[in-house]
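Everything below concerns the one structure shown next.
We call the chains A, B, C and D, going by the order they appear; numbering starts again at 1 in every chain.
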Amino acid sequence: MREVFFMIFSIFTVLAALGVVVSRHAIFSAFSLVLAFFGLAILYLLWGTSFVSMLQILIYTGAIVVLFVFVVMLLDLKKEETLDSAKTGPLVMAGLSVWFFSLLILRALNRATYFKSTNVEAASDIKSISTLLFSKYLWGFEILSVFLLALIVSACVLARAEYMERKADQ
Amino acid sequence: MMEFLLLSMILIPLLGSILNGLLLRSGSPARTGTLASTAAGLSFLAALLLCWNYLSTGQIVNVNFEWLRVGGLNLAWGFRFDAITVLMSLVVTGIGTLIHIFSIGYMDEEPTPYRFFAYLNLFLSAMLILVTGANLPVMFVGWEGVGLCSYLLIGYWYEDIKKADAGMKAFVINRIGDAGFLIGIFMLFQIFGTVDFESMKLIVDGSGSLNVRWLQFAAFFLFVGAMGKSAQIPLFTWLPDAMAGPTPVSALIHAATMVTAGVYLVARMGFLFRVSPDVSHFVATIGCATALFAASIATAQRDIKKILAYSTVSQLGFMFVALGVGAYSVALFHVMTHAFFKALLFLAAGTIIHGLHGEQDVCKMGGLRKHFPVTFITTSIAVAAICGLPPLSGFFSKDAIVFAALTGPYGGPYLWAGLSLASLLTAFYMSRFYFLVFFGEYRGNAHPHEGGWAMKLPLMDLAIGSAVVGFLGMPHGLHVLPNYLDQLLVPTVPGWEEAHAFLTEIQSMVVAVAVALTGIAIAAFFYLPNPARSDKAAPKLLAIDTILKNKYWVDELYEVVFVVPFRFLSGVAARIIDPRVIDAAVLFPSRLARAGGTLLTFIQSGSSQFYLWIMLTGGLLVLWQALKGLIV
Amino acid sequence: MIPASVQILHWSHYVAACLFALGMFGFLIRKNAIVVLMCIELMLNAVNLILVEVSMRSGHPEGLIFVIFIITVAAAEAAVGLGIILNLYRAKGTVNIDAFRELQG
Amino acid sequence: MDLTELSIVSIKTLLIYVAFIQVVPVMIWVERKGAALIQDRPGPNRVGPFGVFQPIADALKFLFKEDPVPKEVNRLLYNLGPFLILLPSSLIIAAIPVGDRVELFGRDILLQVADIDVALLFFLSISSLGVYGILFGGWASNNKYSLLGAMRSSSQVISYEIPIALSAANAVMFYGTFSLRQMVMQQEGVLLGFLPNWGIWFQPIGFLVLFVALFAETNRLPFDLPESEAELVGGYHTEYGSMKFAAFFMAEYINLATASALLVTLFFGGWHVPWLSDSWLLLKLGSQNVVALVQVAMFLAKISVLLCIFVWVRWTVPRFRFDQLMHLAWGNLIPLGLANIIVTAILLYFFEGR
């Protein structure tokens, strides 16, 4: 059962990711991205990490990609479509080198001890994750929260630059 | 606990300086001044506690932090509170606090008082580093710190180009002395392998195998440093010019504390000078010459602060004579008494200048005893003290110096005679100053008024000090009180055996008092009956009047001998050496790098995709190298 | 049916490699800045998948913690990145990344 | 997983879904009748007694209407829009526990499609997907009013997800679990002797925040800015007709039902009969299956009450302005929710174990 689902959804995810890359219009890229993230969430679920899976949907699909869609819709991108075409030479070169690169990475990964170990399922329930998060990684967590605060401010400033300039002029 | 006190004594003024400089930038003179005075007062309190601790337990407080460790040099931020420091830190913080308080009144119309008080506090801190430093480099830090503060404060009114120039002059001339000081430090490190006072002293005391010639050289260079800081011939010209600064600065830095740093240095290194007879003779000779020379100039000056400045130079000469003849404790004694009465005189001058709205010419004063009652009384005490009238402080310390010049290890009759003449001149010019300012009729056109309590209180305190501190160092010959100061200092500075001389101590005192009275009498003869006219007439009787008025043309001489050739050399360097040699050498690599950069600019195309291409290529190469064996 | 001995889930990192490669490929060839940003998200997610696999296979929950951190940072990155793109669009009227080469040497 | 289990799950799923989708016609009638009651007019009264068959007539009308597709629209996304909005609404149903369990064919069957350990998170994350239907539908319609409606709607939904999440975090902290079933389990019995043991007594502010935010999340009046007719013609579904429009409608009512179900689950004891414990019921009624029946009925009754309140509010409260709406979320609900979290945390720290 798990195996079948894994196969279906890994193929689904990869196809969706392909859709992100090859879609001519950014809105379809965004749509494919939603699908890809959804597929990933299901892969996480198959691994038994339901918490991470839900976070994936909640944050990635529910918030980040919505932002992308928003921006795509805000900007009038119709005329971008003609610009967005690559020449064959670089395309083939990029494909080859990326393929080679991932091959090498896979080699490296397969050498790592983690990937030689048999299936030792980690404690993936929320309790153990949060215990770890609030003890060993507390500082990381706190730094991240400060970082997020800075981010909120900077995003506001970036998004409202024009508005603020106007306000400063008055 | 004591370590903490020692550190806080040094750091509290620094803290005050930082607070004033950073936080109270818009503060009124009263606010900034109160903060600065509080800092100084706390520092004084700490000094008192430390002093009490030292006197009751005899325990020397040491604080050490690692500073740098290079090869054989193991340098610490070492601070040390011993006998000399007891004396110096009390003088510095005590008189410093009084002058801080005085400044609140004196600077009451300043637009940027925070600057003044920040510098003043910084000076206090630097001076305390100087006197508590346990090794020469730490002392040098304080030494440069006080030099910096002196420069900043002389040029405090930097809008006036003359005052800014005076600051610059002080700084540059001090650099000459500092160069000597540094060379001295290097030589001492070469000789001893350490620069710590205690270690050096142990080596000098313990072994006779040291090369006296090199020691003498080192001592000589240290003395060059002292010459610069303490305004001895030939590096004295900056001190009179330094009077451009606010008067409290002149009182604190250029009379009471900083200029005595040279004396302190020589006294601290007394163990070294003790074994360097040639340098000691040199020191004494320079001191005696300076004392005479400056005193003679002071007799013809009309600027109230210039008179006091030359008087300071002259008094410093007295101290160096004491150092030169080997009577280190006596020199320090005079440092202390001089700090009191000279600070008092300067503050009195400050009160008068403040009350006359900036008038500094003594010929335009007169009759001020009616307008400045407190100043008049306190100044009378100070003048009597500096003239050497018993039983005021100046009498004991100056007499001790004069007597030491006769009987000290390196002393002799000619020094005694020189100092006696200088004492005569001192009594003359101080009385002249006194009579011109306070007697006769008022000759100016301002509305004289005395300052507030902030200015009066320090005057009174200093007057009391000037009157009584002399009893701490009562000469042995009188058998009235023990010589507390000698008892205090003997463990730290070399003592001395009085040589047999043609005068006993009592006889010497009688002679000194007679000399002082003679000086006063001459001044009274010339200036008391009709100050206005006599100042113009009397000195003109002497042919040397013009010479004295122009201060022996020393500044002009220096201008011709040093400044002009140096300017020429600088011009040559600026026009030829700098652009052709140094710039070329510096610019060549930069041009080379720029050329190489131009070749590689295509890499920075601005296109992030291109950057990713480069990253990808690099990643491929790295991975390929790492996994070569596995893939093929 | 696949034999139970072959843990097909262990092929996750191949999926991740595919995602990463696609993301990188997209970054290299796409000209639309928004799509380029999406491709970065894809690469980040590929890393997340690997982390999940490592974590679950090695028994260390640390990987999951880092997934959470990465998700947070990615949210931040997307928000700021899109804000920048909006401003770039305001400045030039296009989001073609070839149009933004002001920083070239 | 054998065939029996698979079939049980399938049947269970089908039953629960069908039951939830039945909310739609019922709600259409209740809404119309409720509006009529409040506006003092008869309302639908032609089709069947009291117009109860009106929803069927509506459905038939939708089915047989022409399905227009505007010119130059993005066909794929245009057609996907209604589907995308219906899908998450339906998916959420899976997480809702409608009753305890029944004993059939010698098995214990939970009356819940899936007992997910992170059910609350599941609820939040899937409901956040609903925004795509609105966004894509509005954008693909190639109509600026639709696009504006979509933008408004999505920013509204995203903004109000935060108070919902805060409120949910509160519930999680309070109950100590993410599982909705566990939360319901903890609300059994009597509190202080006279109150039903409901979460609302412990989390009144959390309830308030969640209640208000759910109105916005479901695009209901007073927060139906995305479809405010006066400003935007019809909002994001202006260009849709026939069953596609009906899909938007259905999604709204299913969302309403699931929102009510969430409120009931978190704050009103879920399937529990107020004041009565399960064991007491079992003792009196004798059979677990009967108990389950009573529980499901209780659950439906509670949902119905809440749905009525939703209708009531819709026809009595006027619409907000958009900036007021945003300010309500960012200025009032989120600070309130955060404060509530802090207070809850402090109280839990002192009374741990309750």
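Heads up, the rule we're going with is that a residue touches a chain if its C-beta (ideal position, glycine included) is under 8 Å from a C-beta of that chain, and two chains touch if they have at least 3 such contacts.
Note that the structure is a prediction, hence the values are computed from the model and not measured.
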{"item": "Selected pair, greater C-beta contact count between A-C and A-B", "value": "A-C"}
{"item": "Separation of chain A from chain B, taking each centre as the mean of its C-alpha atoms, in whole Å", "value": "70"}
{"item": "Between chain A and chain C, centroid-to-centroid distance (C-alpha), Å", "value": "5"}
{"item": "Separation of chain B from chain D, taking each centre as the mean of its C-alpha atoms, in whole Å", "value": "86"}
{"item": "Approximate Å spacing (C-alpha centroids) for the pair chain B, chain C", "value": "69"}
{"item": "Numbers and ranges of chain B residues touching at least 2 other chains", "value": "616"}
{"item": "Residues of chain D engaged with two or more neighbouring chains", "value": "none"}
{"item": "Shared-contact residues (touching 2 or more other chains) in chain C", "value": "24, 28-29"}
{"item": "Pairwise touch network: line, ring, star, complete, or other", "value": "other"}
{"item": "Complex contacts: residues of chain C adjacent to chain B", "value": "24, 27-29, 36, 97-98, 100-105"}
{"item": "Of chain D, residues touching chain A in the complex", "value": "1, 74, 77, 116-118, 121-122, 124-126, 128-129, 131-132, 135-136, 139, 147, 150-151, 154-155, 158, 161, 178"}
{"item": "Chain A residues touching chain B - in the complex, by the definition given at the top", "value": "97-98, 100-101, 103-105, 107-108, 111"}
{"item": "For the chain A and chain D complex, residues of the former touching the latter", "value": "1, 27, 31, 34, 50-51, 54-55, 57-58, 61-63, 66, 69-70, 73-74, 125-126"}
{"item": "Sites on chain A touched by chain C in the complex", "value": "2-3, 6-7, 10, 13-14, 17-18, 20-21, 23, 26, 29-30, 33, 36-37, 40, 43-44, 46-49, 51-52, 55-56, 59-60, 63-64, 67-68, 70-72, 74-75, 77, 79-80, 83-84, 86, 90-91, 94-95, 98-99, 101-102, 105-106, 109, 112, 114-115, 117-124, 128-129, 132-133, 137, 140, 144, 147-148, 151, 154-155, 158-159, 161-162"}
